[in-house]
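Order of writing sets the labels: A, B, C, D and E. Residues in every chain begin at 1.
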Amino acid sequence: MKIGKVLGNVVATVKTDSHRGLKLMVVQTLDERGEPHADPLIAVDCAHAGIGDIVLIVEEGGSAREVMQRPDGAVDAVIVGIIDYLNELKER
Amino acid sequence: MKIGKVLGNVVATVKTDSHRGLKLMVVQTLDERGEPHADPLIAVDCAHAGIGDIVLIVEEGGSAREVMQRPDGAVDAVIVGIIDYLNELKER
Amino acid sequence: MKIGKVLGNVVATVKTDSHRGLKLMVVQTLDERGEPHADPLIAVDCAHAGIGDIVLIVEEGGSAREVMQRPDGAVDAVIVGIIDYLNELKER
Amino acid sequence: MKIGKVLGNVVATVKTDSHRGLKLMVVQTLDERGEPHADPLIAVDCAHAGIGDIVLIVEEGGSAREVMQRPDGAVDAVIVGIIDYLNELKER
Amino acid sequence: MKIGKVLGNVVATVKTDSHRGLKLMVVQTLDERGEPHADPLIAVDCAHAGIGDIVLIVEEGGSAREVMQRPDGAVDAVIVGIIDYLNELKER
């Protein structure tokens, strides 16, 4: 999994059925000190995250379908938690 | 998922049956500010995208087969939406 | 698989059911000489690892579900061993 | 998928049964302008490619097994087409 | 697949059942000219490789389980062959 910070929302009116009704968010991946690190990505929010939240991201199709409870889900990254505390990142 | 900009089309007359009839497009992946970022890739278009469109890309075989409704699909990246709005990229 | 050093724990009270009860750890991946290398990641501990341990990490959903014995697991990285000896890293 | 240029062949007499009889080729991945880009890789040829050809590569186990029609195939990259034309790469 | 050079062995006495009895090796991935390239990795040896051998590596869970004939295998990289000849690397 990865740690990331939610930067914003994505709106895509034209999309395949597999993506209707999904809340898409832009996430900047972070290293253990909370610094921007590697590629930004788009993830489906399954943990009621908001802009600015530090989140836990799983990047795997099977996991995404499981968390979304959508066997037909065509998603490769999901937000599965909001991080309260990380040794390196210290208390939020 | 990733954000990308469609650069062009790919024509490959010699190809395996699994790829017949698929619309292949070259996509430059972007960061949240719309800057070229990381590797360009080839994706199958499933959202009627055109050259210059900012698109949503899923990079996972299971998802690709699901979106294309082709259980025998041998594809690892599909375009699943056209992005209208992204906080960082502002209004298109 | 990858070699990594456990940096700390992750606490996320808000998370999906798929992640309840899992021990999440921050791991810095290492090269064969034990130097920090590439991205840090979050992995589920399945080998009773502690902070500072040099560990073996598998980054694959199917393997994670198998090791955790949780077919509904939505995890893409697990700690599966604690490394005693690595030629390059010499005796611990 | 990726674009690549075939550099040469690979000969490995000692190999597991899963790889017997497969034509292994070294491929340099390219960006949209045909410049060498990212890691070289080894792919199984399923499109009768030759040294110097610009090819289409799928990097996913499920797709590889489908294209090779070998459910027991242990391959993570296959050549599925020979590229005639790519906007950026212009006419070959 | 990738080309790599075997650097050494890994010993991990504390590990999950899924990894008991497996021969773990540290492999430095190489480019087509035999130069060290990208991340080192740990792979399960299925081709009787030794330290210094130039090997063929598959990085995919499904393939690993197939080659190891262990449906419960929790491994994401296996050595499947020893490379005798590679155009670029010339005669060994």
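What to note about this one:
Just so it is clear, a residue touches a chain if its C-beta (ideal position, glycine included) is under 8 Å from a C-beta of that chain, and two chains touch if they have at least 3 such contacts.
Source: prediction; values computed, not measured.
For the copy pair chain B and chain C, the superposing rotation over Cα atoms measures out at 145 degrees to the nearest 5.
Here the CA centre of chain A is 32 Å from the CA centre of chain E.
In this assembly, the C-alpha centroid of chain B lies 20 Å from the C-alpha centroid of chain D.
Each of residues 60-62 in chain C touches at least two other chains. The touching chains form a single ring; listed from chain A in the chain C direction they are A, C, E, D, B. By the touch criterion given at the top, residues 1-3, 29, 31-32, 37-38, 46-48, 56, 58-64, 66-67, 78, 80-88 of chain B touch chain A in their complex. Across the complex, chain A is touched by residues 7-16, 18-19, 24, 26, 28, 39-43, 51, 60-62, 65, 72-77 of chain C.
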